[in-house]
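First chain written, first letter: the chains are A, B, C and D, and each begins at residue 1.
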Amino acid sequence: MALLEVRALVKRFGGLVAVNDVDLDVEAGEIRGIIGPNGAGKTTLFNLISGALKPTSGTIRFDGKTVSGRKPSQIARAGLVRTFQRNAMFPTYSVLDNVMLARHTQKKANLFKAILGTDRKDEERNLLRAREIIGFLDLSEFADELARNLSHGHQRILGIANALAVEPKLIMLDEPVAGMNPTETAMVTGHLRRLRDEWNMTVILVEHDMRTVMETCDYISVLNFGEKLMEGDPGQVSRDRRVIEAYLGSEEIDL
Amino acid sequence: MLIQTIANSVVAGSVYAIIAVGLAMAFGVMKMANFAHGEFFMAGAYVVYVFYALLGWPFPAAVLMAVPIVGAMGIATERLIFRPTRDNVMAGFMATAGLAFILQVLVGQTWGVGLMRSVPTPYMGAMDIFGAKIGWQRVLVLPSAVLMLSALWFFLYRVKAGKALRACAQDPEMARLQGIRINRMTMLAMAISGASAGLAGALMAPIHPVTPYMGHGVILTAFIIVVMGGMESIAGAVLAAFLLGIVHTFVTTLSDAVTAQMVGVACMALVLIVRPQGLLGRVKA
Amino acid sequence: MLSLDGIWVHYGTVAAVKGISIEVGENEIVTLIGANGAGKTTTLRAISGLHRPSSGEIRFQGERIDRLTPEEITARGIAMAPEGRRVFPQMTVMENLEMGAYLRQDGARVKRDFEEIFHHFPILRERRKQMAGTLSGGQQQMLAMGRALMSGPKLLLLDEPSLGLSPIMTQEIAKIVRELHQLGRTIVLVEQNARMALRLAKHAYVMETGNIALHGLAEDLRHDPKIQQTYLGA
Amino acid sequence: MIAILALASAAPFLARAYSVEVLILFMINLILVCSYRIPTMTGDWSLSHVVMMGVGAYATALLSKWWDLSILLTVPLSAVVAALVGFILVTPLIRTRGFGFFIASFALGEFVRLCWVKFRDPFGGPRGMIGIPSGELGGIDFFEPVPYYFFVLVFAFASLLVMYRIDRSRIGRTFKAIYTDAELAESVGIDVPRYRALAFATGAFFAGIAGSLLAHRLGAVDPKNFDVTTMVYLIIWIVVGGTSTFWGPIFGLTVMSVVFEWSRPLLEWRPLLFGGILIFFLVFLPGGLESLFGKIRERFFARKPPAKGSPGSSAT
């Protein structure tokens, strides 16, 4: 059984069918790419899986439990955490505090304990783990820096750190390398591979930068017009005639 | 009795519609929420008080004077408060709460605070509809509302500037790409918004106790209507205005005015729970 | 007619367009192609004034326009049919077209332009009383183009006109673009559909991560394997 | 801290009787203004907060008149009642955000207020209720200003301390995270509606304490005391001070209380001054006075801002 199972997923906006009958199986421990030309339905699919949108029909099962129709916060606590296209971090908090904040879901906060300060033990354990996550993503030297003072690349990596803080089984990344220079991009792809290899993390990657997708993903699903066009490994995908046509347009256009 | 109540509902709904339409319009175009809208209503009533009761102008002329005067107040509010706070709806709204204070003091200190300024009724007598008696002054409100709403409709749907205003409300960035100047449109919207509040106040002056604080009751009703109608939907505001007019009048007749207000708020809470975007509001994609 | 010289555009701290230069001659179609997120739309938004460049110069008919507001740029004769159509959804087709002609005073010629647009897009005449928000994607695209044309522009900017459209509809749009060009319009066409764009345009610029990776005659680029590389990365 | 407490303890013996009354009112307002900041931490600006204070005041009136409860019980019980009413009110409100929340809370607050006007029994109708006992403790009659001053001082100190702890706790940080980026907060598993409701009810709890203390002092409650005009004054305090730190509202209240006392000769013209101040701050200094400190600090000490402004985990 796959970690994430999407079955016959449909999303309509008024008359527009944004996602049409999509099936998806993501196995534990793989890096899965989801690509497709502009307007293919990637973002909608992403929002459906993360719970930001409710599907018109179809089911999403994660880790054996049905999650479609749940709130994003519930899905996150179930172990499926997303990142954002924008730089998603709490800008006026330090890097360490960002990750600490994201860890708050680990245990229900208790108003009285918080006032009396008796939740210190949990806090210490959280702090240890937060430092570990930051260390894993090479952000240790910025631990006390305010998030807004980081470079663009490091802000995006902090977004990933915030996602990891929730202790997910699967992270879904929305264009993690957008706007990055080649060095930063290499940094991120390196982290993703290490996450898969060392932490056995499952990753879904929605990304425009094809080089990153082709170099990083184990398997790729291609969307077009809201439907799944094909699936395959990077080599198969980049040679596929339908994929090339979806991106570059048809050769047989008649003018 | 029933007919009387229905007739009263229609009158109440008409006034509410004039008031709420202006509020919805300003919010629709550039998210301008005017806390002093009730004070604009009050200003309209005082225009009638000054020109009709003090200076002895004919009543219709005094009512018409409210349009340019309160409209100009709307423009001034746009320039001095809404434009500098354009990126923050709340700041603009709170600042107009300050404006409400200022207007109350200015009016109160000029014409007196405690005194209920009563404007003599220009049209005595009552109309008889199937046994129901409605004072002519109230009857007058209905055609005025119809006239005003039709004029607004005509402007928004038949006049180029009005269409531009709608374009602005739907997509300000695209409106700019057509060459429509946003700043002019926001001024126009506030002018109309102010003028309509002023007009409503002017019409109500003879049948409503005229005091510097008469805006208080108005603003609550107006906001309930706008929330129920869908914040920026003008048609929604008109619909909600008449619904609330009916609710208020019937409950007032059966019970009392305070209960009517409470039922009104309860209606709003119900709409929020069942349909948070309002009766005719749209969900933003 | 239009020239961009060393244009940089930033969103916050992120550079979306990194010092590009583009030339557009009178009566020609110039296309900007490239994968998603390459900076094409940002470039068009900079030309139309919706996003101010952080450095560089944009000149239109010899005058600098990069510090003007969108309203002023529209008044100078640049019209844009934006990405994702963005018609006024709660206005009729007719009203949308009228808004396109908002700045024009020459009533008689406006009337003629209505006819011309209905000639190019007969469906719009049929649907002229329908709310724009209820049109299909292809019809909305036609309306967005029609609205841009109603301002009587000297330069037409088309942002991804084929986006999300079926191949048949795409072909339809392509034909109309060619017609417009043959009638003497100057057009900047931003497209992801490279094969279509390269057959329509004379000159082409291929964008990649905010830079211009390639440029030249569209004819020469059409069979250049590098194009496929910039799209598919392999 | 100790210095302030010492000063506060000495104050009633140094000041005239009138000033003691002013100081009592100031401390009640201090609890109110700080409690208002709690829901604003999540980004929810409510227009019904003084009504929550009113709930506390009415609860005190009923509890002490009907059951003759001790003042030691009426104050906390009234706070609990206010928190409960807050919880009920916020349930429909939670579906709205930002401006919609603002005006919907206005209407719901009016609903509560209209209940007091409408039901003569038990709320006394439009004129409110009178004859609320001042309370006494161990034979000390709180009708006298000085003993009551110390009673209020204890509650104000305790309330502020707890609110300060909340501000610094992970719950406070979660509130602020929701304000900064609700979508991101949701994505890392924070149940945003639950925390917003919690913030609102917590704010109502402390507003209830303020209301209870006020009711005991005035001996009467009047629905007009908790209307939108009072609410606008509360907004003025918090806008003048700013809301991004714990100290902003306190600072704003202090400054505006001085202005309020100083402007007494203006009589009925006074609201005009306050309206003008509100507009001035929103248009020219939207961050409030506290934002000036940041600007000054940046200009004169070109170093990283100290940990005080940033809710650091190491600070507590």
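Side notes on the structure shown:
Here is the rule we go by: a residue touches a chain if its C-beta (ideal position, glycine included) is under 8 Å from a C-beta of that chain, and two chains touch if they have at least 3 such contacts.
The shown structure was predicted, so the numbers you read here are calculated from the model rather than taken from an experiment.
In this assembly, the chain whose C-alpha centre lies farthest from chain D is C. In terms of C-beta pairs in contact, the better-connected of the chain pairs B-C and A-D is A-D. Distance between chain B and chain C, defined via averaged C-alpha coordinates, is recorded as 43 Å. Taking each chain's centre as the mean of its C-alpha atoms, chain A lies 41 Å from chain D.
Note: centroid distance chain B to chain D, computed from Cα atoms, is 32 Å.
Centroids of chain A and chain B (each the mean of its C-alpha atoms) stand 48 Å apart. Residue positions of chain A with contacts to 2 or more other chains are absent. Within chain C, contacts with two or more other chains are made by no residue at all. Checking each pair of chains for touch leaves A-C, A-D, B-C, B-D. Across the interface of their complex, chain A is touched by residues 162, 165-166, 169-174, 176-177, 180-181, 183-184, 186-192, 198, 202, 310-313, 316 of chain D.
Taken in their complex, chain C has these residues touching chain B: 48, 50, 69-71, 74-75, 79-80, 82, 86-91, 95, 98-100, 102-103, 147, 151. Across the complex, chain B meets chain D through its residues 31, 33, 80-81, 84-85, 88-95, 97-102, 104-106, 108-109, 113, 216, 220, 223-224, 226-227, 231, 256, 258-259, 261-262, 265-266, 268-269, 272-273, 276.
Contacts from chain A toward chain D in the complex involve residues 50, 52, 71-74, 76-77, 81-84, 88-94, 96-97, 100-102, 104-105, 109, 111, 114-117, 119, 123, 127, 146, 162-163, 165-166. Contact residues on chain C toward chain A in their complex (touch as defined above): 11-16, 35-37, 136-137, 160, 162-164, 166-167, 170-171, 174-175, 178, 191-197, 199-200, 209, 227-228, 231-234.
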